[in-house]
Amino acid sequence: MSIPRRILEERFRRFVEEDIGHGDVTTEYTIPNGTVVTAHIIAKEAGVIAGIEEASMFIESFGLEVDPLIEDGSKIRERTPILHIEGDAATLLSIERTLLNLLSRMSGIATTTNRLLEKIYQAGYKTRVASTRKTAPGLLHFDKKAVIIGRGDAHRRGLDDMVLIKDNHISIVGSAKEAIEKVRERVSFSKKIEVEVTNIDDALEAAKTGVDIIMLDNFSPKQAKEAIDLLERNQLRTKVLVEASGGITEQNILEYASTGVDVVSLGEITHSAKVLDISLDIINIKKQKF
Amino acid sequence: MSIPRRILEERFRRFVEEDIGHGDVTTEYTIPNGTVVTAHIIAKEAGVIAGIEEASMFIESFGLEVDPLIEDGSKIRERTPILHIEGDAATLLSIERTLLNLLSRMSGIATTTNRLLEKIYQAGYKTRVASTRKTAPGLLHFDKKAVIIGRGDAHRRGLDDMVLIKDNHISIVGSAKEAIEKVRERVSFSKKIEVEVTNIDDALEAAKTGVDIIMLDNFSPKQAKEAIDLLERNQLRTKVLVEASGGITEQNILEYASTGVDVVSLGEITHSAKVLDISLDIINIKKQKF
Amino acid sequence: MSIPRRILEERFRRFVEEDIGHGDVTTEYTIPNGTVVTAHIIAKEAGVIAGIEEASMFIESFGLEVDPLIEDGSKIRERTPILHIEGDAATLLSIERTLLNLLSRMSGIATTTNRLLEKIYQAGYKTRVASTRKTAPGLLHFDKKAVIIGRGDAHRRGLDDMVLIKDNHISIVGSAKEAIEKVRERVSFSKKIEVEVTNIDDALEAAKTGVDIIMLDNFSPKQAKEAIDLLERNQLRTKVLVEASGGITEQNILEYASTGVDVVSLGEITHSAKVLDISLDIINIKKQKF
Amino acid sequence: MSIPRRILEERFRRFVEEDIGHGDVTTEYTIPNGTVVTAHIIAKEAGVIAGIEEASMFIESFGLEVDPLIEDGSKIRERTPILHIEGDAATLLSIERTLLNLLSRMSGIATTTNRLLEKIYQAGYKTRVASTRKTAPGLLHFDKKAVIIGRGDAHRRGLDDMVLIKDNHISIVGSAKEAIEKVRERVSFSKKIEVEVTNIDDALEAAKTGVDIIMLDNFSPKQAKEAIDLLERNQLRTKVLVEASGGITEQNILEYASTGVDVVSLGEITHSAKVLDISLDIINIKKQKF
Amino acid sequence: MSIPRRILEERFRRFVEEDIGHGDVTTEYTIPNGTVVTAHIIAKEAGVIAGIEEASMFIESFGLEVDPLIEDGSKIRERTPILHIEGDAATLLSIERTLLNLLSRMSGIATTTNRLLEKIYQAGYKTRVASTRKTAPGLLHFDKKAVIIGRGDAHRRGLDDMVLIKDNHISIVGSAKEAIEKVRERVSFSKKIEVEVTNIDDALEAAKTGVDIIMLDNFSPKQAKEAIDLLERNQLRTKVLVEASGGITEQNILEYASTGVDVVSLGEITHSAKVLDISLDIINIKKQKF
Amino acid sequence: MSIPRRILEERFRRFVEEDIGHGDVTTEYTIPNGTVVTAHIIAKEAGVIAGIEEASMFIESFGLEVDPLIEDGSKIRERTPILHIEGDAATLLSIERTLLNLLSRMSGIATTTNRLLEKIYQAGYKTRVASTRKTAPGLLHFDKKAVIIGRGDAHRRGLDDMVLIKDNHISIVGSAKEAIEKVRERVSFSKKIEVEVTNIDDALEAAKTGVDIIMLDNFSPKQAKEAIDLLERNQLRTKVLVEASGGITEQNILEYASTGVDVVSLGEITHSAKVLDISLDIINIKKQKF
């Protein structure tokens, strides 16, 4: 657990607050005070489940009891119960949709990430699959966590996580070389430095400066292969990590993996992943004395 | 503008705060204080743009100047500049990703919604396309706004927006009839009432109680047609709005439209819409005196 | 319970935080650490109690135990104990005033609302008594909840709750008719539409457009009666709900009820209701070991 | 201005946020983007206006221009324009109700406070009229500010403002004397100490301990007079301030003033003051280019 | 306990949230889910411990169990265990540094304050040692609380706590006399008034106006003595409290105490106190079943 | 500027809010509405100024105009004006103390950091001086920023910034080797890894695993030298960065620098730095028309 429950609870509260607005009127008018239910959250599709830990905190923070039935990262078949819940019916119905939205999104991201990774591993490559910062606004933590659960690499978790010199920084400073020098003068010893390059020559130049990682931006697989070969010929391949990014999709990912790059990163695993279909079934109802 | 700028600004601040964490270190180390840039936000794909109003408020709230180049809801061709920005370079680079994430998501939702709608209209139907509450957590407002910009119907904007009696409410209360009665006793005159039904008989029963809207839940197009027919035979068709929901996709949406239901609603236009590819180009750099 | 405890707790925290400021110095200097007390909250006046549910959440959220002795909406005689509390003395004394302020206000509103309603029912009318949005700033939820507990109609719970076209909207758009048309083009099927009218002809016009509710603004009882008659003569009375608003007081409310309007709404039940006198009695003191 | 604008703005934002919820749908559907209006806020009743400063900050913080037409504390006749506003129509209509609620409440409190004070002064007394902490939850600042504008004494602005030993503190500690001693041992030199007494003997005892203020709790005017006399006979009258509290109303306030107490405090000027009728008139409409 | 737990918890959450950012990655990668540890917090240096109450709330609010081993204000020898903690290892490690930072700072302030006080008492004086508002931003409450635990006087806890007319107020108003008059006209009876003076004559003038406290600003001990003498000669010494402030240090504090002033106040006990060295030792590890 | 103004403004607001509480009563009672002043912030001591950028944002966010007179990181002589301010007097006086507290603390930290660094550089070493996370709670950003301005190395800016395996992680996992392996399996390619060692053998073992940085925890200078020698003999010195931490002070820092470690880190530059004496002088007063 990398973010304490108390901090995440505040985010869950805000999510629900937006939906609930002036009150869940349907629940208010239909559910008798003190009704207690037991319910299952069920994944209706097969996939990799993510969000069990977050959902458990979410549910408990609203005063309900929860029993996780599987662990985060489990590959499950369709119609698998994943969480068992017991508690106040009105509260459960009021948070149901928000809770399912979180689980469905996280599981969708984990499932997509994992599918790409398996494709690569089954083809015999060891390339890492990394996410980008192309997440939904406000969901950086949850989207990245889902990528990790799907066995992907989170890459930078935020703008503070590593120095990543991109095209816009370079165009303002004047050249990648100058940008790297400026960073070197001031950066903490605790940070890695990555630089984005747009052609093979720049890749070589960047590697010579001793940066930790080079990002090949929008290289075709063929160009990426040439960059790798050039680094090897210059005996720089072992000194630098190489990431390919831009234009990578589920269709062409193996071509990129075959070039020998260390990492491929793609935005679509977070910004456009199909959610996993997950729903809530009430399995028992009892009336508690007030 | 339905939510004042001041309130949305707070949400933009939170989005950026999550990404920026302890500081945008790349910008900190590379961009000289006082650098001012002009930039374009460019839609790289064709689609329906949504989020121009939100993005403008976002940008201004961080102290930059903005000129919208198109209006929300515009259908644009690929590589269309949509916003012109001028201001402090470090600030712009620090908010760039979050801003693009918002615009891409909203435009993706608007584009998808609009495509479905056009399909229906071109086939000669008048069925409304509505979203559900299956949005990304915390983005209810932005996701619903994008649906509206895509000419869809937002449906309930939150749990407080209309009474919608669903399966879980009914299973707790005992029957749809009883649930409707309980609501009637207490509901404000200002609220509409919708009830979810799972078979044709229940649809008829519900219509007889005088609810405003009936949701046919997971009906096949054939079943939906039968329900409509039954309502007509009982002279209830004009007294109630009929919504089909569950299992509706881009593939089968015309079949549903053809049944005569008033509204079709689907979660995938918000929870799994492919984002529109939008990026930021810096077009001019000047150094301001400190 | 229409808003989950977790969300309301945050509001209670803010209320107390304002009062407590840099600390409850009296408690700090007088109450020994670890002192535990039992206390009663007592309604010193007769009335309709509202806020039992909120007060219970409030008290528990500050770590004290609470036993409600009556239910929300109960009509009680003077000097009735309504809540039993046990826990840390310093905490209880620090929240006492804020807690009583909430209970007194909510009960005052419920009592006033209920008194008007009884007056109407005892005179043999069925007119609903509705509140307006003339509440205390920040207390919309609590004020409206109190109205409901007093058996009134909450009316719109906020600006998002129904379309209500008022004089200022009409003056900007040009005419009520045009305003209604603009709304119709874009409004979700899930929303009702109400329009404010200032004379009998406009009332008829509005009813003809098919809006759900007509608000007779500042009509005298005589004018209201004429409007109702006109609608009946035009066979529109059953198609539209009629609300009278403006200038209605406890004194003239029966005159309005007698006109046949469906709803009377008045601001004074929320903005100027006399609070109910409620206080806290400590009934037992014990010293807990530290 | 005792609380900087930036801090109050946050409270205004929260007030509006509660009302606006998922968006002001009426404005959204009726008011064209870019409509600019001029408006007056008008006090429809005579009274003492309070909240001009707060309302001005409120309006400006939402991006509108404001011109105060009178100063806080002005006594105005009915139908006096008090603020002139210009700006975006949709924003103004979205904040209108919340703004008026704040102004009406504050002006109602100031008017009531001032009326009591004038009554006392016209009868030739110099007794101060003080409020209590019986305010609306979350409105402590605004309610107290209104009392001050009405020329009343705010008394403690919160629990941190002075030591005020009340019955409940005394019952826990054992005796007023002991409570005062405990406070004396630890209290900062910067704080005054007040103690609540319930009979004449205790008043004398308390005065002897050298506390700064004695609160005669629920004393009849006759008892209050006796307490004053007793203090004078013991030559303690000049050494201590005397406050009468509990059971004081507009009806009996002169009787209390006549006893010679320094201060009378009463909750009803904040918790149950009738609000002043204030409304917004749009006086000019123009369409701004988008 | 002068601020309820619920309110302080929110501040603890914010402190941790800043440090934790996108997650405690070390803990995330090393500590197995469900690991439970027992730990001691140990003061490695001798001193006066402050923050036991706050730390206990802090720890519990993050879901861990805590047993205070000593009370706030205890003078301890080096290597004294002060808190016993049990609970989830990952959570404990994530809050460890923030928790220790709070305890170390508060204990450093209490230790410094107490050392000065003892110096004064051992020299036979009764002068109070007070803090100023020169605290760390955002830590006013914790810094002042630590001063109190060290037996110092908190002085004003914030800008709302007493009227303190300083040089800048005087320079704007024109003279101390005028400033005092302006305050007198409007101030609540519940507030004390202190005025800062910069020479002996002003001290006398101020005392004559009847203010409660005079602050001798940057007086040398000799000047302070002269001021005290002058007040005595004018028979005003018993009517006013005298505080010396500015330029007072651990070195010269006895000289000030010897002048007969009632209070000496110094900023360095809060703004530059050396923290007490406190650390966390894990003493037992067990693996809990998931 | 690494954190956008909008985000920092929120923190400034909170700082002031705590101090201001129910209102700055002194200002309220003495400063006429509409008074405008010009003022200088003056460093009364020589040192390295930090916080100019933050203070400027702070001041502007409260509606005042500011002109920085020097840049962050400037070494100034005593009595140097550093900021010029113009605006509303009441607002300025209300934020004065909080503003000075921030500037004094940041400048104190920068001055201390810089002094240590100069000592090292003047002795001919190139050792970096780094801070730890031993900051004041809630001030991580400001304390770290001040270290950077003083030319120190911020080290980890928070728990998310690098993997740093410390004694407590190791004791839970079993051994440093195992901990490093666990991290390696899961860590993102974007993160560096540092491990804390307590003896020379462990330092060698850690270097062999290929971690990026080794922290020599509480090594004497002699032990540190031995560790460096051992790494050199094993040809690992160039492959790993070496940090010395624990027990380092201004007195012994040169001894550590002489050992050849790359970085020395010490808590006292943030947790116990003496603040720089900075104050506000009003230099001109004018009365603005209301």
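Just so it is clear, A, B, C, D, E and F label the chains in written order, and each chain counts residues from 1 on its own.
Keep in mind that, in the parts below, a residue touches a chain if its C-beta (ideal position, glycine included) is under 8 Å from a C-beta of that chain, and two chains touch if they have at least 3 such contacts.
Nothing here was measured: the structure is a model prediction, and the numbers come from that model.
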Each chain counted as touching subunit A and subunit D at once: B, C, E, F
Classification of the subunit A:subunit C interface as same or different, half of numbers criterion: different
Over-half contact-pair match to A-E, picked out of the listed pairs B-D, A-D or B-C: B-D
Length of the line joining the C-alpha centres of subunit C and subunit D, rounded to whole Å: 22
Length of the line joining the C-alpha centres of subunit D and subunit E, rounded to whole Å: 32
Centre-to-centre distance between subunit F and subunit D (centres being mean Cα positions), rounded to whole Å: 44
Multi-partner residues of subunit C (at least 2 other chains): 2, 20-25, 27-28, 94, 140-141, 157-158, 160-162, 186, 191
Overall pattern in which the protein chains touch one another (line/ring/star/complete/other): complete
Residues on subunit F engaged by subunit E in the complex (per definition of touch): 11, 14-15, 18-31, 35, 37, 89, 93-94, 96-98, 100-102, 104-105, 108, 133-142, 157-166, 168-169, 171-173, 179, 182-183, 185-187, 191, 268, 271-275, 280, 282, 285
Residue numbers on subunit B that touch subunit E, as the complex places them: 21-22
Subunit B partner contacts - residues on subunit F that touch it in the complex: 1-7, 10, 71, 140-141, 144, 157-158, 160-161
Residues of subunit C that touch subunit E when the two form their complex: 9, 13, 16-17, 20-25, 27-28, 33, 61-63, 88, 90-91, 94-95, 290
Touch list for subunit B against partner subunit C, complex: 2, 128, 130, 148, 153-158, 160-162, 186, 188-192, 194, 213, 241, 243, 262-263
